[in-house]
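Chains: A, B, C, D, E and F, in written order; residue numbering restarts at 1 for each.
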């Protein structure tokens, strides 16, 4: 890869790593699928480590401070597919890589990858799909990478098999297939009216669209919203989630913590750009926001009832994820910069911690004779440690101080004080967190306090090794860090949300070829372009 | 000032250390806790003596400045008073607990929990920023949860803890809401600002909601009616905990909040009504219930509730003097109630029971303890020369002051006197039923005084009661004045702490209270009987449990009815949502549904017939679907029709793709059908109708959307592709150039999907145990007809060549790697059809995984190569070469990419087909051959 | 020498047909295409693995040609007959299953015979007995099944036999034109 | 003139398609339906070629060829399933 | 013609949806296939219907919008991959649950979320 | 219009007629085995004629000869008997009680190996 350094656009080329590192190792793993699991772990693990390094480097380098546009195949937008890297994309890549690391560690700790072929290949493909989706600036390409990450997720979700898992997997897949169909209907209609696929270009064309086309555009956009809402698992489209997350293996569930965020991210990218107040016709500006808030409220309420009703810890955690989706939808619906910044803080919190909570639930399940459901059992192994971990996670997830959940909720609520829908938002968020507290107190009580003395010498499942503990505890460290460093973090997030709301900049950056940007990114004329019959386009 | 932060942090820091120490030596825990508390106390003393306290001292650091969230502490009269109370009593409790805990109790857990709680309380007392106060507020709820549930093996301990957490937690969240709104109105969360903004707040429309939310916080914490019920249930905690949390500290947090925000919130009718009303009711109800409790701690709990009500009522009065009185009684109650709890603990500790019906005559067995109890109880009753008397006097006089506001001049004084009467009565009862009278025979005989150090804390507190009662002005006046100033945020009013104010109404009320109390005590039996047949029946806990139960039930019902785990309902919800969304979209603008259709394609009867056949076939598929195999045939008709439509409307590549996909899909389905039931079971009619309706609506929706778009004109970016395809993409077939060049990245994703599908299928089919399907009718006939075998010999090479041809021409004419891959795959499958697995695989074998991997590598490689050349990923290049006599040879890098596509498609489809072909053909334990066929 | 040739050209006939096929597909005889065709013709066969049946050598190409012409003629005829039968009264038709004992033995020969039967007037071969002893043929309309059977053996099987030089197995009652 | 002929042809073949489709729906036996499908495929080849003649554009030739090949394969597969209940068999009993 | 085309898509969607709502796996698979036909034609139609205008330069004079065709091609491939996977998944559930009901419950009793 | 055009047009119409004929037979004949005859021959021949027309047409229009239609023709003729044979054997073992079929199985000339006991578990 000499070009990586010699090319005039070499800073841009680093962008390809988050996408092509995983896919390359996926291919490698396909070719190595007959080799020892150890070798596969080495490949997969080092890929994850490298990925983490790269995304961190990209983030700290401040590359995303302005929109970096990477033209695939050197075709300018809107004709070719472009990647757009900005702070938000960078954040998503980081989250993904972080989860991947945690999930990978726990996988190794529990040998989950041993229970069927191709775990690591699918794992890497999942990362490929996720990162591709986070980077793309083209709706159809977004569809393609949704499919990539979905198919990978089907494979991972079903990994290991079992009746309940297979059923959940079937439901998960069928619902998402319907979602993909809707996606194509929506994208197709948008192209059929606006004649383009690039998000920025769509936004621009929308600005010039004749009024008589508004109906179709709105219909298509709302269909697209439904599609993203399926992925985000918003009411009433979340029915696939509880079983899927509860039945799949712990590391996969942990990795899936990012999946719901993909849907929310897509809403932010596509609808946020299309219906931005600066560029969109006034008629469209409030097309989505109120829906988001009300659906978010409904989701939050239903999810909290689910948390109360859940019959085992994993299902409860799944519903907690749903609750966080609801909260995020509410916050996204407000669309102010403050709200956006709050959203992102809560976003990071819920992603990282729910991942960790799934792992913890799995540890508890392994430690108790009758798994993670509520029936009394002999005292659990590593009672004190697991108990305190549960306590901490419960605090964080229920939004009690002093952890991130609380900070996030304060940020969101204080962003909501001057919203028209303040009262319902306050009421829902506060009441649901109370119910979550009640529910989690009950679960903790049932899992750790209400023990019956060991009846017969039931052998306890061997808990995972030291790696497992690392995986379970690292999210807490992240949370603590987020509380301590709340000031710098939230100011960074403020800048990020400012960038997100600066849609005109986004459109300009995407639609004006790099040559127009600061000289750094100027492409040279291709040498072949001397009048020889041979030629590469530019 | 920085020491202030240290004071708060000390307990938090010591908590984990204590936990560790206890593991090493159980005796170390109380010492560590004690030292921590003591040093915090000393630090506080030093601070107070050094800092000028004429004005409140504040220290703050920015935490999340964007939303005015600071890390800020405040030192003023109230905070000093409250934190010293916390530390002093805390110290005594620690000493007491050191001897109270049984050997099997885990000291580490206990004392570190206690430290966490103490830290949280100090945080509340010393917070300048209200959000921060809420943080500590919630922390007290959490740590108290841990302390109350200390004896986790006891059901009532677990329940009590959870109830306390639920109720106080609710208050905390309400408080948070209130504080956030308050900050919104005032513009800051810092007390320095807020305390000055009383008028702004009272003027704001948000005043009432804010007041309600904050009071909800205060009342739940301070066990005010109707949230009082958690306190008695929290008595399941070890007695030191009760003594500390439920007499001196936690329950006072609510009062503290009232005091803290007194200047901003008080002074309105709403305040008088809510605070005063709640206080009065709690005062009376608590006192009344306490009369009839048989459990020592139960009696104390209700008396605590009553006294908290008294203090609340005082703040409710809203007058400066009332506030002073409130603070005064707060201190007094802390002293005598803590000591009484400890006494109860001692009795429990020595006799093993707290039931006053069984206890009695202990005065002889433990005179010292008895003496302490009598003094403390007297203070509680408000007997002169004891601190309780003074604050109660002030209370009575304030009641007389504000009586007019409560309607009649008589009502309020009457009620408070009644309350006084009852508190005297239960105080007497506490003493009498425990230390005098006759004990229950089966009570252990060898009862003696507790260890000395267990009494010392009580001694100290009782001495305080006496001392303050006798020399009030001297001992407490200054502090009280100082604190009152802080509470009122203004110079405190003049008040006298003399024992003797002359014959005035308050004195009369006190006398009536004492006399009436004795009378009530004498008449207690008939009263008890009356009570237990009446009000005694109803119990707030039952209500609370019922509430929680119904909540639980509701949650279950809602969740189960919505989340049934049934795919059909999931699908239905998804579709309904989509329909609604689309409908809203169309209806939300007054735009015409359809366009003018300027460039309508001419009508063409034959195509129309074809479309009609397709529709009929689709319906036939639905009609036949109960018989699976039959349904497959109309499906293929539809597929064929789609291909023909592509031909008809100028999409040759799509036609080719559709055809090849079609066949492979059919083969896949045939391979699967063997293992599925041949027929569907019938479904209930109503559901079929419902689904038909949804299906119909969806169909109409799809039609409208399609026609709405197609009847319009649109500007598109196609021109660019047509213009650049040849000149810069080097291909005549624009669709193919788009696939491998303009949008090659899409194609890369697409082949990854295919590869993943293959891997997934491979993984799913490993060791899959399926019942063997029913053999067909002709199971005796030839498995592989000769005629077919003979031809397939020829078919394979021919189809391979055909595939190659399609592959190579793709860039310039319909075709390409994808179609080629499928063609070759189907050629291989034909071999399997003609010859069976073994015969085929003995002759041809390729590593399908290898093909997939290699293909992806090729595709990726061309992309990376362009990066190597300094261009973005997948930048293509091409060239023409004149080769003598052979003619013009054209090659494009995109062709290599297409070759990659070819390999992936080939490998993936063959892998899937072969894996399924192997199903059931191998002994079930041994996994299917992973490598498929060919070339 | 022949060994070398055999290495390069394991199946000359196949190679030839592949070359022809390529040229047909591309519909051109340009030099470039011819070269490409030859390359393909040489490259593909080695991948196909060993053939599963012994090769069948055409002893008398002329006979083959004659046979093809005969069948073509019969096919045309067949279709006009079928046309009449389709459009006429179907109830008048007497259809039968016939059992046609096989004289030819080589799989390819049998296949050729069976196919011919299918493509030529009034009959479709429905099954080749697993032991290759006979064909089961469906006749759309025949007055005398045995005559029909004799007819097709005479008209086609004989010719196939001698074009492949197979020794006639069945008794030869010679009455050919 | 050739255009007209092609149109006439398309009409005739269109009718043929309708008839074959009728047989596919009507059955009665499974082989009947498969035969009908196979016939439809053959008719489709005719349609493609006629359409090419009508347009005077040979671009769909490959589609016709492919349809011939794949139509055959699916017919064989379906027939084999109808006969033996499975289309690919482990052992070579022939 | 576009109207008829739209009706065709509507019919394919309707039938596809109906089958997707069925209780056994195989009809669901058929339904999804029909849906993919519908959506592929829809995407194709978004480029409008053009006669004798294949986007192969030099083949004739007018050219159809090639982009939707490329999209449809991608969509077809993805649909194919998904179909293959879901078919096998249907087999998997049939093997794991012992029947081919989408919820694994031979009778239609609603699944209790508390079961584990 | 040239003679070639005439020939081509003729071939087209004739071929289409045969294709139609095949389908008519498919509908009209009373039992499966009779139906089998029609498409197997008529349709195949019809398509052949049409393909020949196409070959001629494009050969005349562009001066390069267009012969690849031959591929399809050959392929159809080679495969037709196989499809027919496999469908026929499927039909012969078909358990369906199709009246026309039963009475036409004139046992006299029935195949000895005819196994009319379809539902037997496969030795596996």
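Following the convention adopted for this analysis, contacts are C-beta pairs under 8 Å (C-beta built on N, C-alpha and C of every residue); 3 or more make two chains touch, one makes a residue touch a chain.
Quick caveat: nothing in here was measured; it's all calculated off a predicted structure.
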Label of the chain whose CA centroid is most distant from the centroid of chain D: B
Centroid-based (C-alpha) most distant chain relative to chain A: C
Rounded Å distance, chain A centre to chain B centre (Cα mean): 19
Where chain D and chain E are represented by their mean Cα positions, the distance between them in whole Å: 22
Between chain B and chain C, centroid-to-centroid distance (C-alpha), Å: 77
Length of the line joining the C-alpha centres of chain B and chain F, rounded to whole Å: 69
Contacts with 2+ other chains: residues of chain C: 21, 25-26, 114-115, 125, 127-128, 130
Residue list for chain E, restricted to those that touch at least two other chains: 20, 25, 28, 38, 42, 45-47, 51-52, 54, 56, 59, 67, 74, 78, 81-82, 85, 89-90, 92, 102-103, 113-114
Overlap residues in chain D, where contacts from two or more other chains coincide: 10, 17, 30, 34, 36, 59, 65, 69, 76, 80, 82-83, 85, 90, 94
Sites on chain F touched by chain D in the complex: 1, 5-6, 8-10, 12-13, 15-17, 19-20, 22-24, 26-27, 32, 35-36, 39, 43-44, 46-47, 50-51, 53-54, 57-58, 61, 66, 68-69, 71-72, 75-76, 79, 82-83, 86-91, 93-94, 96, 98, 101, 122, 124
Chain E partner contacts - residues on chain B that touch it in the complex: 559-560, 563-568, 571-572, 575, 597, 599-604, 607-608, 611, 614-615, 618-619, 621-622, 625, 628, 631-632, 635, 638-639, 642, 645-646, 648-654, 657-658, 661, 664-665, 668-669, 672-673, 675-677, 680-681, 683-684, 691-692, 694-696, 698-707, 709-711, 716-718, 721-722, 725-726, 732-735, 738-739, 742-743, 746-747, 750-751, 753-754, 756-758, 760-761, 764-765, 768-770, 812-814, 818, 905, 908, 912, 916, 919
Residues of chain B defined as touching chain A within the complex: 62-67, 69, 131, 134-136, 138-139, 142, 145, 149, 152-153, 158, 162, 165-166, 169-170, 173-174, 176-177, 180-181, 183-184, 548, 551-552, 554-556, 558-560, 562-563, 565, 567, 569-571, 573-578, 581-589, 591-593, 595, 702, 705, 708-710, 712, 714-717, 720-721, 724, 727-730, 741-746, 749-750, 752-753, 755-757, 759-760, 762-764, 766, 849-850, 852-853, 856-857, 860, 863-864, 866-880, 930
Chain E - residues contacting chain B, complex: 1-30, 33-34, 37-38, 40-42, 44-59, 63-67, 69-70, 72-74, 76-85, 87-92, 94-95, 99-100, 102-103, 108, 110-114
Complex contact set, residues of chain B against chain F: 772, 774-782, 785, 787-788, 791, 794, 920
